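Same chain, two partners: chain A is paired with chain B first, then with chain C.
Showing the complex of A and B:
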């Protein structure tokens, strides 16, 4: 440790990038000359939305440019510049630096680890390539050491595991161990916790933090998640379209941002406390009235004068429930298992008309399975799903056209849910076609209406998904669900693939739509911070069981189950 | 829509990569391949129309004694004009090859998509049946069928088409398997779109890349098969003019009067090389967005 302290005084910067310019081979500039400095033991977070150039900047630090990109200016120096400009080094010298002096942790550990190699062997390989130590025995020692450093079991049997025998968090820690094996001076971490659950994320973040501090590694942490930044970073640089628009200490940037973009970005981040207003429409909870449907399930727009039920004064919801003889949707004893593995283990809940309920669960909790059972995509469940008191058939093909119309499901990834070879109008028109609207002109009119509802408009009719951004695609997917005027919209993690600002606008849209159409909504997510922004009630799902169910306020302030308490404790906030 | 989304909109409009065919045609070898293919196709398609006028003879007319250097390329084994027979002999070969390829594609694609989409037992059944067909060498199967059914045009087309089908089915099945996991397929299922319609409107447009490659490849093979079967005497029957048949008829006098062999061999070779170059560049273009970019 003593040597590192001296080093810290001697070298002011571990890596410094100046005036980095990167453009595509066709000439469009991606990075417009950005500069930053990494200091030993400190973590700089590079924050930005997708397409802002943050990963390009991170890779440029290692002298790597993705296919189709080229460097047009700037320099990167390591450790005060003994080796000169890293970007001018020949390829073979760069290769020894990468993984040795400067290492990279990619986003998805499941993709970056070799599934056919034992984890110990993979770490050993890195050491061998970089001639770390003199003998295999020494390297093996280092493997065990580095596994301990990232907080994993370093026994022989553990090293002989394959990546698929580890959980996502453990895999990512193995990825970090590989990057850290040769004792690099700089680590570039590219969204290392994006795919992880909050509980796992908390552990990984702690590991990174400790490594940086204890071993005086400089970290470049690329992320879009501002809440994570607050936990892990010392400094923050905010990127917008290839420029760093704001750079400063974490506290300064997060709590007194000076650039309007930073402020906008921060406003878009949902917070658990619900103090911030995400988007322009009021959050559903609290101020938002429960939509009171008129007779026959059609929202009575004439008398829709705000029945300002404050969700904090709970009896309002209860009162509505008493008025209604039957809820819109009732799920009773829903269970599903694959072989001996029980994915859903007896789910019971009900959903009132015009109500929005959030289904919260981590990956593997069965939340997607549950929502797909309701939508009829999984037909092998047992138990009952009742819509307005009538039990639904299990699969969509067995349900009547009317039942299919009333429950609509929006998929998680807008990049996969729209056929890339069909126009938006064609994709959105499919439900109409299947509901028997045979006339092409009628269909187009209704599609246009739905696209207007999601604020896309007619110009999108004849475009293909490839020409749309993620947010626009998700709007188109929502339009497909809305085109038949459903009574229940099931949203399965629909914002998890999107940037925070886009997420905010989608939440905005959903809240507006709900108050406009009076439909009920089941909002499935892993992000507990959204709770106060979208739902009146909150159901927490763990291992196929609902462990907590109540009004959002109740569950968040007074969680009954240990799991909910743990979740709430691990949410990164700022 | 919030203002914060504005920067994203511009990112979405970054110049999109050129389409598949544009990427293909940007490659040098594709241009060469296209030129070669078009050359041979022009000879084969226009040849029969030009016939008596340009050479003075029809393809079956006797002009003199065998293997004599009469006319531009001499006479063949029965004393017919080689050039006339060459001009007349390509059309059938190409039409038969094209029909066989199309038949094979239609059957193979239908079977492959059905297998991948149905999964489970039906998939196993179809693909194992496929394996049985694959175990028979293509040419041997064709020989067998033609010996039994006689050397008729439709038999040729059907037999070659059928022997192609299992190979095409394999490619189609794997291409389909990667598409059917996408959510848009599940979305269609959710709206209870009939299964055949899902295959035709959702799956098929998304697997055209690999299918086009397969089409080109099978076309090349078909040309080879039709020519070989004619050479063996099981394809086109005399006195019909045909490139494969010409090679067989004239090979005995290769030293005395080589043109009767060289012309058809050259045409078949150039056509095969041309279509192969095209297929290759198409495969490269469908696998790589940057294909054909100058380094």
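Showing the complex of A and C:
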């Protein structure tokens, strides 16, 4: 119960939660008695990694407990407590508060809006159940007003749209409009921008900020993204395994954290400028010469990312490299369309041996399709993919075993890419089996070697994925890709399902592996902040075209395309 | 948009029906035995057989016979029964009505009961009512329909209670619904056979929907529980259930021979069995195409429910 009590100078708090305890019905405690208060017009960010109980805490404020959870202690009071403990109210009274006094903005609007109801009707329903206004006309007026407040079109025809006819950002703003419709005193925002593109995220964050300020709404902002916290929150509470370990103003927590966990969390946040070290390996910034291993795995220190002051050196070094080594992978005129929809529209780029390139794009930009084409998982593309100068056949089925071995793929979700019925050793051994390597014992030795490479070790060999954490699973998936010593590792959003600290350790691992083995890497992501931590070059993909391509330093400091400039302008930083 | 979509489905249905008609026609050609021989018996002279074949156009090329038959279908002329000599439409008219009545009554009982029990079962997940409903439906689904029928006869008609008659005995020429009490047991049997599938499907989809984000969101919006269930949850659970109902309806439309036999019910199932035994080709063809049409219609209705409950299907470009 190490909760920091903040002295309250304001007269009344909008919401105050004291000693909240929540357990599973089987008795395991999820929240160990946490307390916090929300002030009108201010936003408290509840920060923590997955499983820390932050969503449970947010829902508990609304008297809602998900299947299998129950309240075991604590109280929640609204507006100084005139209605008493919210958690002890009978169901019908609680219902009048929910959506009225205290409202909720869900994490994934695509799942939380009723797909079969027009958006105007969904907002209107909230107003109707809370008897907002006297007549339907007045409520309709409010629907139009609140849509305008969140920056959406409020025409009748727009209100008649269904959720699937809106973009992700628009859906989330409808979610906010719904939560805001009855002018609540408190809003609980559960990771409302996770899954949105940075540009959209910026707009949504601004909307939230404005609403809270203008209408004196108190906000509880649940997130794992510390960069967003810096943008939106006034106060921060850091959660670790069901406890609040640190609580204070945003500046204080982010810039002079006192708890070691907060410091660790902050250290793991990738930043665009590369000032921090994510994990053990230094970020790739202009100030650090880059270690690019040669084809034989010998570090080749002659190639460095250009510094602003010795830009003259760049052409020389590049020229030397091009003479020395032909590109490992060359993509020429790659295009793919589904029906009339062009997913990829003429992609050209090359990848040198031992080089790491980041493929940056938002959802729907075609980045996963592109990497799948290169790996041969999509075979209906036109154009050419060349590996060491030889053109590859289109599908994996048509490629030779050797070609398949040389390009390995790590998938986004370690939760679905490992067969839950196989042990880690079995899963990691599959590529060896397919390549027909040695006997069982040889293969096991190689598997052990690969697991050692990803810092898992032999004790994981006979475990099954269910016993592993997300980060451990992703390491196992990487080991599976490494076991055959590929020339190119394609990493498709491999850290986006993981917490920041795990992400940091995975990035760290990849960098180390790359310099150890000298393989090339294509790192696909939507998170531009990772750029300096992983790649020497950066390709920006938009609507199936590469709009910007250059060294990471060049693209980040001198973006050529308007889209890249917009992305950079919207990245939350602190 | 929605009209266009339904029109497209209808068009596809017509094509399927044509394909079915060809299959039915070819299948009846392949039936062993000669219809003329079947009508005239073993003692028929070759001259009479020839004359009858000529009269029945059996000597025409196959495609011509097919076109004649299909042309007849459009104007309601189903040909003449080889067994009775009368028009097929007259012969089957009553049978079809009787079957439709039974099917209609059974679905009137089973669809609402199935949906309601399934919904409550899902809402009371893990509680006694849920256990009773799932256990009961599992047992019923595992029992063949004649066992259910015999059990009902034993319970309600013969040994235990004597409330309902166990056989249908409408005098010829009178409709089955003139004696409602005779319809109770066949209807009940059919309903008990069909309902468990609807209950189980409704429960499964409802559980899924109740766990979804938008149901949680509706609760967090302060929507009363009744509205959460009726407005947000049930509509989403219906589309998959409609498919199951369609399969069950189609099964019933195909003639539930065992149940008709058990209750001496004059439906199309027994008519079809008789016609096959008698080589009554015209009747077999007429019934087969009718059953095919029923399958198509109920599946079309299920698709329609799917379209109505999912605006995404309605508003996205038809591909």
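Going forward, the second predicted complex is superposed on the first by the 525 of 574 C-alpha atoms of A that agree within 3 Å, B and C clash if a C-alpha of one lies under 4 Å from a C-alpha of the other, contacts with A are read in each partner's own complex, and residues count from 1 in each chain.
Everything below uses one rule, namely that a contact is a pair of C-beta atoms (placed from the backbone, for glycine too) under 8 Å apart; a residue touches a chain by one contact, two chains touch by 3 or more.
Because the structure is predicted, anything quoted here is derived from the model rather than measured.
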Superposition-derived comparison: chain B or chain C, residues of chain A touched: B
First (chain B), second (chain C), both or neither touched by A:458: neither
Which of chain B and chain C A:165 touches, first, second, both or neither: second
Partner chain in contact with A:562 - chain B first, chain C second, else both or neither: neither
First, second, both or neither for A:99, with chain B first and chain C second: second
First, second, both or neither for A:389, with chain B first and chain C second: neither
Partner chain in contact with A:51 - chain B first, chain C second, else both or neither: first
Which of chain B and chain C A:84 touches, first, second, both or neither: neither
Chain B versus chain C as contact partner of A:67, first or second or both or neither: both
On chain A, positions contacted by chain B and by chain C: 67
Interface residues, chain A side, partner chain B - complex: 24-26, 28, 49-52, 67-68, 240-241, 261, 264-265, 268, 279-280, 375-377, 396-397, 399, 401, 404, 409, 411-413, 416-422, 427, 430-431, 434, 455, 466-472, 480, 499, 501-502, 504-505, 508
Residue ranges of chain C touching chain A (in the complex, touch as defined): 211-214, 216-224, 227, 231-232, 235-236, 309-312, 315-316, 319
Residue ranges of chain A in contact with chain C within the complex: 59, 62, 64, 66-67, 95-100, 103-104, 106, 108, 111-117, 125-126, 129-130, 162, 164-165, 178, 339
Residue ranges of chain B in contact with chain A within the complex: 1-5, 7-16, 182-184, 186-193, 201-202, 205-206, 290, 293
